[in-house]
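Take this structure first; my questions come after.
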Amino acid sequence: MNRLTETARGVYVIAVTPFLPDGGLDLESTDRMVDFYLSVGATGLTVLGMMGEAQKLTIGESQLIVRRILARVAGRVPVVVGVSAPGFAQMASLTEMVMDDGAAGVMIAPPSSLRTDDQIVAYYAQAVGFIKDVPFVVQDFPLVTGVQMSVPVIRRIVADLPTCVCLKHEDWPGLDKISALRADGFLNRRISILCGNGGMFLPEEMARGADGAMTGFAYPEMMVDVVRHTDAGEAERAQDLFDAYLPLARYEQQPGIGLAVRKYTMAKRGIIAHASLRRPGPGLNERTIAEVDRLIRRQERRLRELT
Amino acid sequence: MNRLTETARGVYVIAVTPFLPDGGLDLESTDRMVDFYLSVGATGLTVLGMMGEAQKLTIGESQLIVRRILARVAGRVPVVVGVSAPGFAQMASLTEMVMDDGAAGVMIAPPSSLRTDDQIVAYYAQAVGFIKDVPFVVQDFPLVTGVQMSVPVIRRIVADLPTCVCLKHEDWPGLDKISALRADGFLNRRISILCGNGGMFLPEEMARGADGAMTGFAYPEMMVDVVRHTDAGEAERAQDLFDAYLPLARYEQQPGIGLAVRKYTMAKRGIIAHASLRRPGPGLNERTIAEVDRLIRRQERRLRELT
Amino acid sequence: MNRLTETARGVYVIAVTPFLPDGGLDLESTDRMVDFYLSVGATGLTVLGMMGEAQKLTIGESQLIVRRILARVAGRVPVVVGVSAPGFAQMASLTEMVMDDGAAGVMIAPPSSLRTDDQIVAYYAQAVGFIKDVPFVVQDFPLVTGVQMSVPVIRRIVADLPTCVCLKHEDWPGLDKISALRADGFLNRRISILCGNGGMFLPEEMARGADGAMTGFAYPEMMVDVVRHTDAGEAERAQDLFDAYLPLARYEQQPGIGLAVRKYTMAKRGIIAHASLRRPGPGLNERTIAEVDRLIRRQERRLRELT
Amino acid sequence: MNRLTETARGVYVIAVTPFLPDGGLDLESTDRMVDFYLSVGATGLTVLGMMGEAQKLTIGESQLIVRRILARVAGRVPVVVGVSAPGFAQMASLTEMVMDDGAAGVMIAPPSSLRTDDQIVAYYAQAVGFIKDVPFVVQDFPLVTGVQMSVPVIRRIVADLPTCVCLKHEDWPGLDKISALRADGFLNRRISILCGNGGMFLPEEMARGADGAMTGFAYPEMMVDVVRHTDAGEAERAQDLFDAYLPLARYEQQPGIGLAVRKYTMAKRGIIAHASLRRPGPGLNERTIAEVDRLIRRQERRLRELT
């Protein structure tokens, strides 16, 4: 039960991994973060994603953090775990571990060596050979992976692999991709489409047929609001709120320091205790902090105008 | 006279290249576009940039469009011409051609094969061997070129090559890069820093010490406003206006269709006659057009609120 | 007449571009080089290829060198011209120019931005829209272009575009690719397959169904010998000769200095007057020259043993 | 004791990982392979390298295979273990594990995201912060990693990090790089340089000052012979033997199927029981096998001529 299905909707927040200033895991903050995400309306969580500093964890730490999150969530929402790995043996062993612990499904990004359509389709088929009947999310994030999945490729994956239940859509440009995938009869069955890119295109994505977001932002309530108002037919209201958060969302999307900005904001909000990234990771200088603080102040003011 | 110098400031708009629906050059629209850019306060123009579809023109067409623009500008502002080329012979011959015609300087992006610091520095030194004493802009745009120029590399280029007068700063993240380059004594002389990325970070860039923007957006008045208000010490007003344009600016930054969105908007505004891109280039579907129209309507409303 | 067709066979030597020590075109050496290539058995020539320093020439110089070579060849063998360009307008104008001058066809490499199967097929279809009915060679060289063309992609190009008459096969690994393309009925028609990579796999490529080579090596007689002996059913003799040249062929395949090694050897053999590459291009230091000289001496000794 | 030092010399064979046909580890073959490598003169072994299918192993399997090899080697030669990982926590934990088990040092390749000189130097400094005083090999393999380390960068690493004892040199072109690193006083201390690329340039590399090879080939005796005869001042004899193996070495260097060719040959020689690669990995078709068999027959004949 609580397995991820093609009906996944709403906001699956990509969870950060809280660290102590000395680089150790901050498990208390992890609990508080989970509580916060659920309190603002997250309908799911995704852990060990690219923005979760997964690659900086040992296998043991990965399991520890996943278990802690699963325990705290306690089945209230599905939890997806990123299991992308250089090889299938590692992917399979991590998948088995987290599914045994209660995860709802896994997420798999294609390795950057893939180029041709056939290579991409074959890769996911091979992956399924290893993870068996575990439901999975295809992560389509060409800016980082370098792998471009055309809509015919996604169609083949969906047709061939029944356990593919969701697309984490993070292509750029991607709006027409959503429309193509949602065109009548293009896919042989409907899958969930949850969008990334920090929510930077969420109003348009929802209008095109996305089911929600699977991404991170220090104010996940923005994404929850956009989804809720869109579902209620209040597109202008959705966009008004979106616009209020956009200056900060834009700032948080800067490659290299975006995650540090997000953690700083989350710490400032009291969601986690420390803004620390595990080494190697950038700290924020005073200048950057002042810019973030200013954007938060302006955002709060604008949100008050909109209430 | 009218040579580009390290005092370049304000907004150097990256000009689009107007085409007729059949793919021919639309020279009448070119004139109108120039008039428009100058009327809203552009302090310079940059032609044959990446967003000018330069790579789709023959050499003859490149010269034709540059001449037309130079004739229309008639010395009122400096005109910079992009001369990046696979080899130095082509770069040198295009440079000679446009400087003879009255350009103020040229812009050079590094070829994507460059990797090490020494390779990048050597490339610009070799380029100067070919373009001689023509002032040039270093285009630092790693997202497209794949070449990462560290601040020590830029320092070496500035120190070694006196004809380097300007950095077109389009790195991401780039705010700390501006601060580093502006730190007392880091460079052996002050050069102009004009920023790109469609103006998406212009308020912060100005605050960090940039001299303005060298980029495109269907509403260049946004960039002019941000620079003007920042210079007048009205940072909040600058940001208010910026925020109003941000939803559309964000939409225009989508790789792949961004230029088509910009040309559509410019045609809608009556600045150019046709939204056409030269083949191969995407057209906009009805869905996209509706999204742009909606963002423009919302932008106009928000701007009215701010007056 | 003398248009390139799908019957192309033998050795199409990729011609170098001879330069004077001051960087000017060495047209006298160009004539001598053409005479040499034909005297050793070249069945065609390819000019303005990647190893022809094409990107260092102005348009005017490109036309000059192509004309000189066409005049010297005087219709004795077909001449293919590389017309890869950042945009189709340039490609079309260069194609028109060289076909008017008497070229037999053109060669087109895919731009490195292409990723998906559909993008690659669309690119060649668009190119044909510009070069019209001119026969063309698809250059499949992923190591340099970064574009991987799967066999289904090549099949689609061959099926869709009747003017595609030849594949310059330079993939690595590529032997199974040749076998796949030569499998009964896989392509809807037979095209010529000429192989690259400096001939480093020519014996195996011929055995797999290639029609010959389209590449460069300072001793093109090696490739002529391999093709001739293979055609005569003397595979062991072909391989014996191949093996004798292999140590030098290997040395010439070093990225970065390979072309300089080739020109040095050609100058030493008296085929061209100067080993010069146009700037920027590496010169050879004494150490490298000594290594090449030693390999040539050993090669000559081994060839004598084999006569 | 038996720690890797800057005096490393000879042939450090990159060990394959033997698998059973069902994908399980073949530990008996592992023992036989170790015995074989040592019997032909390997002066060291490197395990979990790129050609060891390291990325297909779970952490547990990695430890198992390293332990088995260390036990069989029993201190007779130093064993280097590849510990490259997406994050430092994993690198540190694998390093600690294998050093406890008796490894002599570790090898670290730079992640493909690194571009600028400073980034590369900083990466190795950070790595040392995690692996502490463990001696390490810098793996310089730009064809695979995409990271180009200039000689100034290597100089900085050697100067800054005393535990850097060896460069696995696999750049292409690389001969001048060896000469530059061996120039009097260029480095502040002499480190070991062991070369890769399947030994394809070993005679020239030894002449330039390399200390040997750290790479794989189904006939490591070739590399042992080249090193031995070069050390004995018998460069022509070294090259004669090298030339005899070159046709097969070339064939084994094909990306994609090279490792399968190597394992096939090793199984044919009786060194390992099965040619199997773990999934996903290519099998060899009959055509390829016939080509390899033919090259082996020719190689044996040529070696007999040379005795």
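Per-chain numbering from 1; labels A, B, C and D assigned in written order.
The rule we apply is simple: a contact is a pair of C-beta atoms (placed from the backbone, for glycine too) under 8 Å apart; a residue touches a chain by one contact, two chains touch by 3 or more.
For clarity, every value in this text was computed on a predicted model and none was experimentally measured.
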Partner chains that chain B and chain D have in common: A, C
Copies chain C and chain A - interface residue numbers shared by over half, same or different: same
Whole-Å gap between the CA centroids of chain C and chain D: 33
Geometric centre distance via CA averages, chain C-chain A, whole Å: 47
Whole-Å separation of chain centres (CA-atom averages), chain A against chain D: 38
Touching two or more other chains - residue numbers and ranges from chain B: none
Touch-based graph of the chains, sorted into line, ring, star, complete or other: complete
Residues of chain C touching chain A in the complex: 115-119, 142, 147-150, 152-153
Chain A residues within the chain B interface of the complex: 172-173, 175-176, 179, 200-201, 204, 207-208, 236, 239, 242-243, 246-247, 250-251, 254-257, 285, 287-288, 291, 298, 302
Complex contact set, residues of chain C against chain B: 53, 55-61, 86-90, 93, 112, 122-123, 126, 129, 278-280
